[in-house]
Amino acid sequence: MAIHMSISSGLTLPLGPEVNDSRLRVGVLGYGYWGPNIVRNFHGQEHSRVVAVCDKSAKSLQRVRQSHAEIHVTEDCKELVTSKDIDVVAVVTPVWTHYELAKAALENGKHVFVEKPFTATVAQAEELIELAERKNLQIMVDHTFLFTGAVKRIRQMIDDGTLGDLYYYDSTRVNLGLFQHDVNVIWDLAPHDLSIMGYLIKEKPEAVVATGEQHLNGVADVAYLTIYYPNKLIGHINVNWLSPVKVRTTLIGGEKKMLVWNDLEADEKLKVYDKGVAIASGEATYQALVSYRTGDMWAPKVEQSEALKLEAAYFVDCIMNNKRPFNDGVAGLEVVKILQAADESLQQKGKIVQI
Amino acid sequence: MAIHMSISSGLTLPLGPEVNDSRLRVGVLGYGYWGPNIVRNFHGQEHSRVVAVCDKSAKSLQRVRQSHAEIHVTEDCKELVTSKDIDVVAVVTPVWTHYELAKAALENGKHVFVEKPFTATVAQAEELIELAERKNLQIMVDHTFLFTGAVKRIRQMIDDGTLGDLYYYDSTRVNLGLFQHDVNVIWDLAPHDLSIMGYLIKEKPEAVVATGEQHLNGVADVAYLTIYYPNKLIGHINVNWLSPVKVRTTLIGGEKKMLVWNDLEADEKLKVYDKGVAIASGEATYQALVSYRTGDMWAPKVEQSEALKLEAAYFVDCIMNNKRPFNDGVAGLEVVKILQAADESLQQKGKIVQI
Amino acid sequence: MAIHMSISSGLTLPLGPEVNDSRLRVGVLGYGYWGPNIVRNFHGQEHSRVVAVCDKSAKSLQRVRQSHAEIHVTEDCKELVTSKDIDVVAVVTPVWTHYELAKAALENGKHVFVEKPFTATVAQAEELIELAERKNLQIMVDHTFLFTGAVKRIRQMIDDGTLGDLYYYDSTRVNLGLFQHDVNVIWDLAPHDLSIMGYLIKEKPEAVVATGEQHLNGVADVAYLTIYYPNKLIGHINVNWLSPVKVRTTLIGGEKKMLVWNDLEADEKLKVYDKGVAIASGEATYQALVSYRTGDMWAPKVEQSEALKLEAAYFVDCIMNNKRPFNDGVAGLEVVKILQAADESLQQKGKIVQI
Amino acid sequence: MAIHMSISSGLTLPLGPEVNDSRLRVGVLGYGYWGPNIVRNFHGQEHSRVVAVCDKSAKSLQRVRQSHAEIHVTEDCKELVTSKDIDVVAVVTPVWTHYELAKAALENGKHVFVEKPFTATVAQAEELIELAERKNLQIMVDHTFLFTGAVKRIRQMIDDGTLGDLYYYDSTRVNLGLFQHDVNVIWDLAPHDLSIMGYLIKEKPEAVVATGEQHLNGVADVAYLTIYYPNKLIGHINVNWLSPVKVRTTLIGGEKKMLVWNDLEADEKLKVYDKGVAIASGEATYQALVSYRTGDMWAPKVEQSEALKLEAAYFVDCIMNNKRPFNDGVAGLEVVKILQAADESLQQKGKIVQI
């Protein structure tokens, strides 16, 4: 599964004179579905600009040229990762290529921004983290959702105690396609949830149970993950490529309040419920006293800025100020650990796998 | 867990003269949440009437008296099950009492209508089935959903090939409470789905994986079931007593069409999607050709009659014509088998349990 | 349009001995669509019971007998309104009969509960009010919505200044049927809105503009009402018998807050928005400064009790304590005034009619 | 209200050599809210490109430069409309400037694409139509909605008789803001509906009744239009700048079928209902026989292409092939006629105004 890079030496990019400014120079590997968003957001920042894009597809490169005549395009990854005129490499390619490309970039002294999931294996992630550490370079894994107003608002409600202790985190993330050929539906869709859970939940996950089925092209297209945390907190993720409707709904149950996050809602993405259940303690009788509380619902205003724009600016800031981003390689590794465990559990039809 | 019946002999009920008609005489055990619906529906039928209701609560019996002065009330179960003036006993009590009450009714020559889930164990269900068989009596398990317009319409779409081979059945059935003290959330909510799946899916389930957590009163209040069927069909049930919102949504993915059944919708409970995914067969290249089909959506009209009314009439008809109902003890047993397996899996944190 | 009452004298109803209690005795005229609800709610009250029901349809009377053997049934309105054993007459018949039936009841010394709209003309309403006044009897017009949790909660938000000065009240009340033969869609559906507006809005309406069209049976089946109030408050009601979907949505715009009341929502009927528009005052430049405020949304918990039950209890209380209900004949008259003006405007294709 | 154009002569734009191709050259006047969409869509077409943009705001022009270095920018409208290097002028400025700018463009031999509403008065529209006719130039009024999949699909259902004769067209188009200073809410929002109605409804409107109120800056911010058509077809438009929620819902009632178009739905914008009402004809009795039909609902697949892109391509095609667009000046005039009549009616509180 090696990527055959063309053996060209690290050449100076034929960039025009206006490029000699203080902005970070970003090279983007991959201009498929997500690449244009990466280009647009790093290019539109005050302190960064995209200087080169690499893709195997001539048609993709032509699209770059039409929109951005000033950006160098190439089909040669090697040229980009070795260029002296690039400070940051964004790896926006299929998962199985992340390790090799990110490694080459780090070895050439570039900071790397890697699409989620970080790598195809835990070992790859650990190696990249170690390499970046050694070279004093930053890794950011593109867990875009962590920069949305909704996730930040939920985090705030957890931090300030609004929700109380968490009981469960239950996400449904289903739609028709997009089929990947190199990964199953867990690797495609669950990283969103796993990165959010890693950001919101203070405890580390302990074990995972994954079930699922493959119907069409040899990889699971329907899957269900249960993730066990300490203190009776349970996580569940329902991912499905064969759903006729798109659903992006997460329920979070807390001791004090419960919330529903429907990411497909335009305006009221978060609904917080003043509802709960309490058991009368010290109950001597057989019949425990369960009391329900049902009160108002409340939809807090959520920041509407584009998450990827904020994330790109944050990465640029981290690099310029030599700060470690919170969504760094280690955060990416945590997600890959669960994905790898889930695959192992899935193959054994739900056998619990410790993380 | 025995029920201490008062030792009264089977006495003749003090029923008025107008009762001497040809209608089946029904006695109802239990007048809590669901009992009034049972009384209303068996009482309002052309060929049946309720002649007696038993409940431990004097307050409940008073409610019966207020609404139906002509119905005999008693706190003594024994009186009801042994009465010569009763043809059918409806057991609308907690699960752990079903076996003993139904057994007593059958032994006294009554047909029995038992609330779901049928019994607390597989062995109990098997014994009741055998007993009814021997005495040539009918058992019906109250799987009310099988008599709804929605389920009947889905069954029709499966039978006539509209959906094609099934890929998955995925139900979410969550709400706040109602906490049971004798059963966990699986036994409370999943029987609905399991009975529907038993009715819709031709293949028998092979194994179950259950995960979940208990937060409040010592029984699981959040749980997830995966049910493996032959031919890559996978079932999943998400049940939760701690959800701030009520959800009753089932997705069914078929080879030809997919559907969403939202039982909380007043008018458009079923939405059938002309959507699908196909893999080009005989694909030689690495890159398999996945093609998507997206067409119209269609919400078929669904019968609106009250399901329990239809079910009660059907049971009366089965008894009068000595027919075996399709939701008989065996159908009830199939559900209990999965519930029992799910409990076993749950206790072992997702270990697969064969059914 | 006179109702030909049979000339029977006011006889003593053949009521059983158990009726000799202190509860108010209610007679119900009309047992069609709404009558059973009236019976159920006056019968189930602590201080009232239904002693007789009159309907022209033998089938309807049979339904009464099946449910309530203790209630006397008759096809003779005269018998009911003249009975000495009745304290309150509920008039649940078509609009065009209200006046004559209510008048007969009042003349016979009964308090009257009249279905909405109160009467077919302003003059009729005024006469009934005067008659009740003279005989010291109570009239209640069945504006059930005023007893719902939603309307009471909105009233509270207006009273406590939460919404600020009102800008507009905009209701959409559409569905397929129910076609009335004696009234148009305005008289059928708008009384709900008009009574609510009368309850919520302190100012009296000044004028009405009504447009609409009749497509099928000679009465308007689609209509739009604009109601002008003092202080730039504007009301609008969209009523339609030919809508494929049922809509019951009201928008209320206030200076401080705005709300949406969707009566078809099970749980979140009211949504209050912290949104608004402000114009910078003393603006010297051409370009006025409009500033928008968008904040949280909030769904206050709304009381869930059955409105008609509360209304029936309230009427009984008013009679027993000789209090004037707030939804009295005068409140009913206010609604009829607007309906009559709307008809006049409708016939002149939107000509403004002062109220 | 004249626009003071700077008195510069029609100069040749300083455009680079690559511009000498056969594509139509478009100049865009106005780069505010909608202008960028116009630029993007005319620029991205195979047979057109944007060569110049004019705006009074230096900041807006800078935004053009950042995105499209190759487009000439100017603050001088005169320069643009007189340039020899421009074939088409797009007028994307406030309504009160349309007439003067479009006239100047036509006089200079340019085809014009004018934002909706076409002009501020009927007389202006008529003059522009006559001028274009005389100079053999095309006018297109930007009624973008006519190029959406939803409107085209509805048109098809009307043309092929699916809906049958139309009973009513009822649109609700409300949201918070955007306040205009030169026009009221009718001129801001209703042109969408009026252009769609003009496209869908074969008959010409006969009269309009408009009611409304102004609360903040001296122009109506809430308004209701009733539009009378021949054959009992009635139209209604509810427009409101003070709504806390955004609504874009249109109900269309037909003799055979009825539909709901919710433009805010991502996937199921159109829902067609097999519902209806029929009156038994030749009914001799008092009680007319109304029968309801309720059947399936059906959400036809709707084309998802960007409407403005299709519209721009269509205008280019019309110009190149000397075809008259269906959304020409005359179509724009029809809308202005109703708007002008609505204003007249509004000022007289709902007086009917013939069109």
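In order of appearance the chains are A, B, C and D, and numbering begins at 1 in each one.
FYI, a contact is a pair of C-beta atoms (placed from the backbone, for glycine too) under 8 Å apart; a residue touches a chain by one contact, two chains touch by 3 or more.
These numbers come from a predicted model, not from an experiment.
**Q** Taking touch as defined above, what minimum step count separates chain B and chain D?
**A** Step count on the best path from chain B to chain D: 1.
**Q** Tell me which chain's centre, taken as the mean of its C-alpha atoms, is farthest from chain A.
**A** Looking at centroid distances, C is the chain farthest away.
**Q** Quick check: how many Å separate the C-alpha centres of chain A and chain C?
**A** 55
**Q** Using the average of all C-alpha atoms in each chain as its centre, how far is it in Å between chain A and chain B?
**A** The separation of the two C-alpha centroids amounts to 41 Å.
**Q** Please list all residues of chain B that touch 2 or more other chains.
**A** Residue numbers touching two or more other chains: 245, 267, 294.
**Q** Give every residue of chain C touching chain A within the complex, in rising order.
**A** Residues 267-268, 271, 294-301.
**Q** Which residues of chain C touch chain D in the complex?
**A** Touch list, chain C to chain D: 167-168, 170, 172, 174, 176-177, 179, 181, 207, 209, 211-217, 222, 224, 226, 228, 232-234, 236, 238, 240-245, 251, 253, 258-260, 271, 273, 275, 277-279, 286-288, 290, 292, 294, 349-352.
**Q** Which of the residues in chain A end up touching chain D in this complex?
**A** Against chain D, chain A makes touches at 69-70, 245-246, 264, 266-267.
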